[in-house]
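Dumping the structure here so I can ask a few things about it.
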């Protein structure tokens, strides 16, 4: 909490003035296969583009003559304070971007005072991550395995390793049709972190996913999972209001409005277009609603909060920052985003997150 | 019926990841005249482009946590089961694309377990097609001739040759103004298949059409034709709800919402924009409503079904596949489309076609 | 009246398949100053572009199974039959395009059986035009002069020379801000036709207009003019419904919905966007409503008639045709447009102009 | 007051036919840093572009047959007559553009008979400006300083120097995120005019702003300021209707609907999109509502007045004109804009500003 810091933007990654610019720099450092994996979307990539474009279409209506000499970006997320309403979305195989992989991103998030979500398919195991960043607000993302024993084991290990929230991904019963990946060949999966014990030699990441995911996982299964879980469950991948209500009914404590970064079904709505109806559908239930997809600017964070999100999760931009400069790159990207958010709040006349009300945004 | 097959997309025509990409490959193999004939539209070709663009404008709202471990694309079309809700639309003079012409496309459709519609102006005669693919679900497309005796003869021959459905085209009383064809010169009609007996030496395809079509054919004529036909009648070329209702009143069993692939009147709506009102206009009458025009993706097939189509008919993409690799090319294109459709259904949370309900699509 | 003629489009100006293509050919034959004068619009030329674009935005919903073996494009315009619902809009100084100037265009219109409107600022005088095309349906366009005696003299001469209708232009109290003309220098006015007697040596066309027009001409003046005129009065340049009603109240018999081809005020609506409200505002009064601006296709003519126009007036395209090939060029352009209109009507299921009803068009 | 002068447009800055063209010419004369400072906007510069685009989207519906032989652009602004409804918006550090800086622009405005607003951060002091243009209608723009004593001193000096109106900017509690400026380095502030006494050596303009502005300034402070001010207060930077009403309640006499030329928060609405609701919110209170942002054409001025503005303020275009040709350049730019406005009014059928009614504009 404090005044908007005017010098912050200029020293992030020397010359990078927008998270949207990171992709170009990262592209120079990533292999073609890794770049396709990180940056690509499904089918014609229309949702990939829409996630960003839909934020830009919205108009902001700032209030004036509010005391914004101090702005406060702090928020409680499922009971723990974050320094700003931003987390790191789960992303598989961060070793494709940097040798320190999830160790670097988790540490950067911890330094920034925000949560990070570790993927089931991380390069580094959850226990290694826990050891490297014990005080971090670590969440664990779960893909449900065909073998429910393996699933139960993953959840138990996550709880034992101090992960605080269980993020269950529900929009990947099968893999989306990702043309860039298919065109460039499959992504190697040399280390499989938490699942290393189950890894088949020479299996690609695509093989691993296809062999892992249980496409029959349904609402009843979710209810059992939530009931059995020692950790609060957040469901990731909701776009519909009926699904949102059902998610809450089955015991989830949070929802991430997500289209998997445009990597699953194409032509689904931008997440910012789906957010508000979902948030309104569960209003009054105590469910926390988050969003990922298309967040590039502090303007986007403020927009999502004004439309009902409690926080947003950042995706590709932090992977690019990781590729460019490891933990330090991610830290700088987060500092930049925080600077933009603070400046946006000041200019919106919203010194605190609760001031980001619905009247500030129109489509 | 079965699980989504993950390897399917990558082996169709080696490197072709979308039916939309087939045109470029086909263009290398077709003469300029044939390419203009197959790919061109009418006037400014705005409807040609709109057919594709209107599908892309729609947004899909997937359900999650549905058991999609098996998806089933089977459908009954006028009483016979098809393996998926896709057929081959009628297209004249397929000999322009490949020496095996309609023999290849009919066989490929039969292998795929879907119907194909033979044009009145096919290169190969209906009897030859019947002999080459006796077990295929063959439909016959009828252009009504000035001489009603010739028309009656065509219908009788189609029934005798085992064609199962009569598709009567009603949107070509005169030929559309097709600039590409005019600019490049007329298309030769060296073989006229079912109409070979009537062929004038040196007549172009344009001459044949102009000499054949009865521009006075009207609703009363349709009613007589339907009453006399030994085959169930499907009317192709409907865009208006009033025409749709009248079509049913005059005895048709099915309707193809079509703008003739953008080859007739320009600036008419994209077929996906016309579909839903037409489907609602005849709901409860037992009429089956189909669509052609702009189908390039499994996403498109699912969209059309959610908006009221029982099946769609594929046009240019299969002609390009035919030009590229004959029967095998068409088979691969159909396998690719099936793969996309299965994946789309799984990701929509729709394991069966009946699950493709109206709530999945917005404009 | 007769069947749609299939060969017509291909022989108009050898290779020109759309009136929109004429500008390029004409540009090679016109001086830069003349081209700027003919083709340019006002300010940013947004209305110039919109006139064409707004037609293209509309969607046509054809009827099927209507007997269109014969289509009839004839229409009565203020009591005289035209062979199709198209006329030639007034255009000043056609000598810039061709030495035969208005003689050529009037003769071409007469051959085509349609009216042409002679500008006050024609290159050739009204008496010369009358002598060259005595049987033509000639209308005279009037700019009201500061000196009402000159105005009265022009009207009397027009009536004496057999002009049948008086078209009073009301949207040029001052000249629009035409950047292309200003950038390239003023247009010479070497011959001033009907006004030759009043011509100042070395006066440019811009000088002539500025010196001629009475910017104080108002509704009361119009009422007097209409009352005194031996010819029925058509008012050209109406876009608003209130102005349309007033025009009728003051004695006009017709209205041309026009924005002066985008040459006067910029950002005014496309004429096809203004047409329907104007037509509805005067429905039942016997007033004939016409449109000019943006007509390039038979599709446009049919659209305008479906939205309430009795006929349209063609502008720049005939001037380009005049520049390319004189009277013969204009005749060919008109034949081409007639062919497109007939084909459009057949494909719309509208054998006569009265069949072009409101249900055929949506925006 | 008088007839539209036809020759005016052609002699402004020789070949410049639109104020939008001035940027290119100015770019050749300005340093990269100065150009970035003058022309840049905040974040993605979407509001910068929208300010102009939103004017162009509007449609004008001209009246005809109104006597426009004389048009009158005069208007009273807070009790003093201006020759047209246009003023010069405040802009800091005009010495970046021309050595005569605010002396030149104030004199040009005075010659044109319109008000100009001097920035708190002018290059030349308010006393020097007053001495150079004693008869000019000079307004003073106030940024509120942390030290309220300095603020009070500035207001007292402005009143003493004959400034007539106090324009309080409220949309800059912190500086917008201006990427162009950051990319090119800070802008030097070699002379600080009215604040020269407080200048730190080597401080950049960005430092000066950041050190000056009181981000805690709020509604109560405004109320006190307005009550204490010897000059009528106009509040600049309002976009919301609730803020507009509050502004009036706290004692302001005028409102400038402004987004600071797209230099503060990005994605805020174009000012012409925000104008009408603001104007309606304070209708009947006697408050004068102005607009700045995106004004490039006489069409824009007329549009803003039809939607409720009493006058508009010009920004970047006059700075470019200043850079190109000093006082003479600004004078020519204003003459050009006046010519466009007069012509627009004549063509709209609006001889006086009161005739610019709401019916002339649609979106």
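Per-chain numbering from 1; labels A, B, C and D assigned in written order.
Operating definition for what follows: a residue touches a chain if its C-beta (ideal position, glycine included) is under 8 Å from a C-beta of that chain, and two chains touch if they have at least 3 such contacts.
No experiment lies behind these values; they were computed from the predicted model shown.
> Out of curiosity, which chains are bumping into both subunit A and subunit D?
none
> Using mean Cα positions as chain centres, tell me which chain lies farthest from subunit D.
It is B.
> Is it true that over half of the residue numbers where subunit A touches subunit B are used by both copies, so same, or is it different?
Since fewer than half of the residue numbers are used by both chains, the interface counts as different.
> Could you work out how far subunit B has to rotate to sit on subunit C, using CA atoms and steps of 5 degrees?
Rounded to 5 degrees, the superposing rotation is 90 degrees.
> Measuring from the mean C-alpha position of subunit A to the mean C-alpha position of subunit B, what distance in angstrom results?
Measuring from centre to centre gives 43 Å for this pair.
> Starting from the mean Cα coordinates of subunit B and subunit D, work out the distance between those two points in Å.
61
> Send over the residues of subunit A in touch with two or more other chains.
none
> Identify every two-chain combination in which the chains touch.
Here the touching chain pairs work out to A-B, A-D, B-C, C-D.
> Could you list, by residue number, the parts of subunit D that touch subunit A in their complex?
43-44, 46, 170-171, 173-177, 179, 182-183, 206, 210, 214-219, 221-222, 237-240, 242-243, 246, 264-269, 273-274
> Can you list the residues on subunit C that touch subunit B in the complex?
Interface residues on subunit C, with respect to subunit B: 3-4, 6, 9-10, 15, 17-18, 56, 58-69, 297, 299, 340, 343-344, 346-349, 359, 362.
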